[in-house]
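Heads up, the next two complexes both have chain A, just with different partners, chain B and then chain C.
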Partner chain A sequence: MSSWTFILRRMAWSVFALFGLSLVIFILSRVIPGDPARMALGPSAPEAAVTELRRQMRLDQPLPAQYAGWLWAALHGDLGLSLVTMRPVLTDIQDFLPATMELVALAALIELAVGISLGVLSAMYSRRWVDNAIRLLAYLGIVNPAFVFAVMFMLVFVYLWPIFPAVGRVTVDGSLVRTTGLATVDALLRGDLVTFWDALRHLVLPATALAMNGTAQLARITRSSMVDNLGRDYVAMATAQGLDRRTIMFKYLLRPSVIPSVSLMGLQFAALFGNAFLVELIFNWPGLSRYGVTAMLHKDLNAMTAVVLTVGLVFVLANIVTDIVVALLDPRIRLGAGAET
Partner chain B sequence: MKRLQRNAGLRVVGTAIAACVLAALGFAVPGASEAAQPGPVPVAIVAQAAQAPAAGTPAGARIIRFTMANTPKIDPGVGSDGSSSSALVNLYDSLVFPEYDGSVSPLLATRWDVSSDGLTYTFRLRGGVKFHNGKEVTADDVVFSMERMLTMKQGYAYLFAGRVKSVSAPDKTTVRFQLERPFGPFLPTLSRLYILNKDQVMAHLQPGQYGDKQDYGRAWLAANDAGSGPYQVKEMRQNEYLLAERFKEYWGGFKPGNPDGFKLIGSTEPVMVRTLMSRKELDIADEYQPMENYRSFARMPGVEVVNYSTGKLMYVATNTAKPPTDDIHFRKALSYVIDYDTLTKMVFPDTKPAVGPVSAALPGHDAKLPAAKQDLEAAKRELAQSKYAGKLDQYPVDLVWVAETPDREKLALSIQADAAKVGIKVNVIKTPWVAVVEQASKPETTPMACTVVVSPNYSEAGALLGAAFHSSATGKWENMTWSKNAEIDKLIEEAIQTTDRQQRFERYAVAQRRIMELFPTIPVFEAPEKRAYQASYISWQPAELMKAGKPVLAVMGYLNYMRNIEYK
Partner chain C sequence: MAGGAGGMNANRHRERLGKAWYKFSGSPLSVGGLVIVAVVVALAVLAPLVAPYPKHAGAFVDFANSSQPPGGAHLLGTDNVGRDILSRIFFSLRSALLMGIVVLSIAVPVGSSLGLVAGYFRGTLVDAIITRITDVFLAVPPLVLALAIASLLAPTLTNAMLAISVMWWPWYTRLVYGMASSLSKEYFVRSAELTGGTWMHITVRELLPNCVSPILTKMTLDMGIVIMVGASLGFVGLGEQAPAPALGNMVSDGAKYMPELWWMTVFPALAIMIIVLGFNLLGDGVRDMFAVEDKG
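Moving on to the complex of A and B:
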């Protein structure tokens, strides 16, 4: 089986996974206590209005009929109306997803660059003070959730030592001209370097706070993987042939050692979406995670389902990309996968 | 070769470290932090430097930035929460305007007549008032706005549904409302009828459920306005903010210091709000901040914290359909054990013990009623008369507090401790808000006791009496008493149907006294709305009135009426 067939099969299975996910979230969202129509219209709304909204949302129908109706509409590109924003959910997703994508992408980049670099550094100076210091920092990164770093960064870099902007995506309201929805990319496309720089400065604190946990994990995994591989025969062979330590580390050891980190990154990417909620809240970042949690608190059924499916889709795609990257890094995995299937 | 490989490896690590250092230094953009230095800053500089000009507005434009719980629903037929109301009062005009002293004054209407039977209200409209698109406001627009609200049945429609029989426009400047039955507080409720530009709305219809009116302009009005108010929408960003700018041709004009626009930020995240206030990047903080933030605001140079009366009252709502709270003596005993002084001075500073069943801030409140007070001896006397005397251990009280309001756990625990002094066992139960609302729908699931704050829908005692004590409201969270007392219902109905204000207030007083005798629920304390603002460069009319010792009744949204804010 070729790599392409392997990827196509993975994608086909992903469709089933997303279908299952839609079914689970659809049922779960309807089990949570509370009447979504009443919550949307407020406690004082007349009962007739609440009943009418229930009817519009098909909540007066049996659950299988509700799901069938939703699925049919979803397959035709209609994810329903959000009860919080009173807009089509698809419009909301298009509006909020790019902000989170931009945040998560930079966080992932920071995780990869800083996490792997620190892991390599730690392995190179194994059991020396550099290694100990990095391991200690990694512990701190792992035990503290992203929102703790967000609050800390806000207090240090915005409140006490105000060198970063506090909230939002840009300083001047209305300076975002939407093309892709990614503030930095849109600014670059327009050749507007001032807005690009401004958008990047707004991104740094939330993205770094979000990346802290993953960076620490990647640093630890890269380190332990490299330290493990250091005991392999081929390393002993290279050492016996007189190659210096740095050549061994970067030429022969780094590539196989980062494979677990890259695999982890696939999972991390989806986790970043979940962790982004409090970070988005603290930095008033108009992203999908914040939208999703607001939807859950208001029992906005359509929005909840759509957000979970979107994150599921991102998760699936991230894992497919991860598989491809890992296969590129290690031909044994690619060939092994082909032989197995 | 080996040297090259070594250098490549070092470069990777070096680049990563350099990236971290750069990030930590915040790219050291020149001028990035000038406007953000903490500490006292001269007023003129603050007013200029702290303002980030909105796109399309002149540099140095003065924009008032304030936080609210969420981004507003700016469609007058949909929005009715605090955030939405704050936006609507600035984007739209109503026929009348609620003053801070509880009275109403003319706005779009210059005068009005009420028929002797209290069923017909006729308003004369101000001439020459323009909508934001330049079209003149006519009686037809008022008719359209009311009909739209009644058809959509959302937002503030509950104030008018079942009360307004018809609305007509005999001529271009006259509007006539025909009521189903007399409704005394009709004038104050009309401040919630925001007048839409009919032609503009009808020009933006999209497919929808309202027949020939399609979606009644809902999709378009979610991000645009069709009003004649002093401000107009510049940018609406869902889940982030609403940015509005002055409507320069506003018929009422502006004072020289009025802001050029406002930015309503839809987030109350405490760290963010505190940071923005300290950097003077936020001008008015919301009412949802934790106590430590208000203490911190009060210490910030130039920032003042004010407490506005809003007519909200904290109750321990008791279910009269369940033992032991079905017994009037038990309920009274429970009210006597509460330590109101400690609660209002220590636990909930700036609150006041309740005086009767409605807020003392509301016009129509009966000031002759005694304030709530702890009296353990009276509690014991009431318990002795209760049918549960001698068997209190068999009837513990489940006291529910709403999980999303952590401060209320302190209230519940305080009651639990005080109740134990007279032998009442209280089980404190934390329950999510959605579950409380669900439980309140049936007498058998409604908690025996539940801490709840009820807000008035309009600025009169009748609003709280109707919401918390009329039997038609049972099954909703505001009225968990299930008392269904015909006598109380009659007293409330008679009061709100009285068109003469003074007579209506006298009837409100009768109803309040009778409610305190029958005691279906326990009023605990008045809950003020706490706000912090940049007093060094802003003059905020309601705050100034309070400083002058005048009472201020903050009708939801109207505190943020921008024409009452001026830069010094």
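Moving on to the complex of A and C:
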């Protein structure tokens, strides 16, 4: 079976999984105790208004009908009204998703760049002090949850050494003209370097806090995979033929060694999105996660369902992209050699 | 003869334990992890006896002594209402460990059983159903799912544990599924089938013992991660409520008073780090221990 068929099948199953997820969340959200309509309008609202809202939210219909109604609307782009912001959920998501994407994208970049570099360094100077120092740092990076890093960074870099701004995305809000919604990219597209730099400064701290965990993991995996590959026959051959260690490492070992790391990035993306929930709270970052947490705390069902599904969708897409990249990097997968032994 | 055989078995077990311990104790990091975990467990169990101010773990205010920096009567300082941070951390270890134990007690049996069944019946409808359900739960970042479920329930420790258990079991199903399905092709399983073994016998008595080491390793590593997820839930306010001491809640409470009362945040955060570090080191040691046994 070629790799492309495999990926297409994965996509089909992922869509199915997303439907299943929407069903699970929907059922869970409708069987909770408490009346969402009453919670939305408050205890002092008249009964008539509550009944009307219940009718609008289809809460008086049997469960399958409710799900069908929700699904039909969702497929037409209507994800309902958020009870917190009183706007269509889709608009809210359009507003907040780019902020989170910016954060997660920069964090992923940091993870890949720094993590793999540290791993390669660690393998190159294996067992020397550089290696041990990096391994220790990596260990510390793994055992701390992202929000601990976020809090520490805030303490050190915002209060003790004020080099980074504390909250928000840009200092002067007026210049956030939307093209893509990504503050940095928009500023670049307009040639507005001041805003770009400002947005970047706001972005660095939360993105780094978010990236610490994954960087450490990638560094460890790259290191162990490189060290494993160093023992292979073709490396011994290259050494015997007179190639120096550096060339061997960068020309021949880099590609096979980073494959496990890239595969890990798929799962890492999920972790990044999950941890973004907490980092956004700490840095007051106006992203999807903060919107989601607010929705969850206020039992805003429409918003919550939509956020979980959006995150699920992004995660699924990220996994597919990861699979494609791994297939491109690893000729063995592409050519299907030695697949089903 | 029977007595002799029984004696030999006991000796064999003792010898294997001895070998395992020898390998485990060879790595200072692993032993360090064991020590950390042992200390954490001891502190949690003995908290009412060991904590300098046990009453501070409940509803207690002492504004005269509030916001004291670390040192003197309060080793780690006091919070904004005057409670001793050190004592509260000791007591918060209890709910943290309890959460880890309860979540794993639910997730591991449920997830592993499903994985065993799906793996043994690979290719059939049973397999398809189980793996598809597992995929649905794995389609979302774990923390997001836990947050979503926890937010739908009332914020208590029990509900937080429930939420985390619900999203934790699929990881074990996936782990065991891979092992069970490849082991099912081995000859010992075939011969068990031929001699009339039922599927229950095969999954429990033949497949499961061979899956135990990775499960145990993952369980040890997971203790730390579950505690971290629990702290994350508490940070958002979806776990135990005030005035009960919980690590995540303490970090989030303290964050409001940064940077003046920095000790309110830093010390609980350090506690989280040490606990997770301990379980991580222990888990690595457990994995190394099993690895040697396989080769031997």
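We take it that the second predicted complex is superposed on the first by the 322 of 341 C-alpha atoms of A that agree within 3 Å, B and C clash if a C-alpha of one lies under 4 Å from a C-alpha of the other, contacts with A are read in each partner's own complex, and residues count from 1 in each chain.
One rule holds in what follows: contacts are C-beta pairs under 8 Å (C-beta built on N, C-alpha and C of every residue); 3 or more make two chains touch, one makes a residue touch a chain.
What you are looking at is a predicted structure, and each value in this text was computed from that prediction instead of being measured.
> Given the superposition on chain A, are chain B and chain C in a clash or a fit?
They clash: once the shared chain is superposed, the two partners overlap in space.
> State whether A:Leu243 touches chain B only (first), chain C only (second), both chains, or neither.
In the superposition, A:Leu243 contacts chain B only.
> Figure out whether A:Val311 sits in contact with chain B (first) or chain C (second), or with both, or with neither.
It touches chain C, and chain B stays clear.
> Go through the superposed model and pick first if A:Trp129 touches only chain B, second if only chain C, both, or neither.
neither
> Is the number of chain A residues in contact higher for chain B or for chain C?
The partner making contact with more of chain A's residues is B.
> For A:Gly274, decide between first (touching chain B), second (touching chain C), both and neither.
second
> Looking at A:Trp4 after the superposition, I want to know if it touches chain B, chain C, both of them or none. Which is it: first, second, both, neither?
In the superposed model, A:Trp4 contacts neither chain B nor chain C.
> Kindly classify A:Leu155 by the partners it touches after superposition: chain B alone (first), chain C alone (second), both, or neither?
Touch partners of A:Leu155: chain B and chain C.
> On the A-aligned overlay, A:Val293 touches which partner chain: chain B = first, chain C = second, or both, or neither?
It touches chain C, and chain B stays clear.
> Which holds for A:Ile282: it touches chain B only (first), chain C only (second), both, or neither?
In the superposition, A:Ile282 touches chain B and chain C alike.
> Taking 168-176, 204-212 or 240-248 from chain C, which overlaps chain B after aligning chain A?
The listed stretch with clashing C-alpha atoms is 240-248.
> Using the superposition described at the top, list the residues of chain A that contact chain B and also contact chain C.
32, 151, 154-155, 159, 281-282, 299
> Where on chain A is chain C touching in the complex?
It comes out as residues 13-14, 16-18, 20-21, 24-25, 28-29, 32, 139-140, 142-145, 147-148, 151-152, 154-155, 159-160, 270-271, 273-275, 277-278, 281-282, 292-293, 296-297, 299, 304, 308, 311-312, 315-316.
> Could you list, by residue number, the parts of chain B that touch chain A in their complex?
2, 5-6, 8-10, 12-13, 15-17, 19-20, 23, 25-29, 32-33, 36-38, 52-56, 70, 73, 75, 78, 80-81, 152-154, 157-158, 161-162, 209, 218-219, 222, 234-235, 237-241, 243, 263, 265, 267, 269, 271-272, 274-276, 278-279, 281, 432, 434-435, 437-438, 457, 467, 476-478
> Okay, in this complex, where on chain C does chain A touch?
That would be residues 132-133, 135-137, 139-145, 147-153, 224, 228, 231-232, 235-238, 251, 255, 258-259, 262, 265-266, 269, 272-273, 276-277, 280 of chain C.
> Once bound in the complex, which stretches of chain A touch chain B?
Within the complex, chain A contacts chain B at residues 32-35, 38-39, 41-46, 48-49, 52, 56, 84-87, 92, 95-96, 110, 113-114, 117-118, 120-121, 150-151, 154-155, 157-159, 162-168, 171-175, 197, 200-201, 204, 208, 243-244, 246-247, 249-251, 254, 281-284, 286, 290-291, 294, 299.
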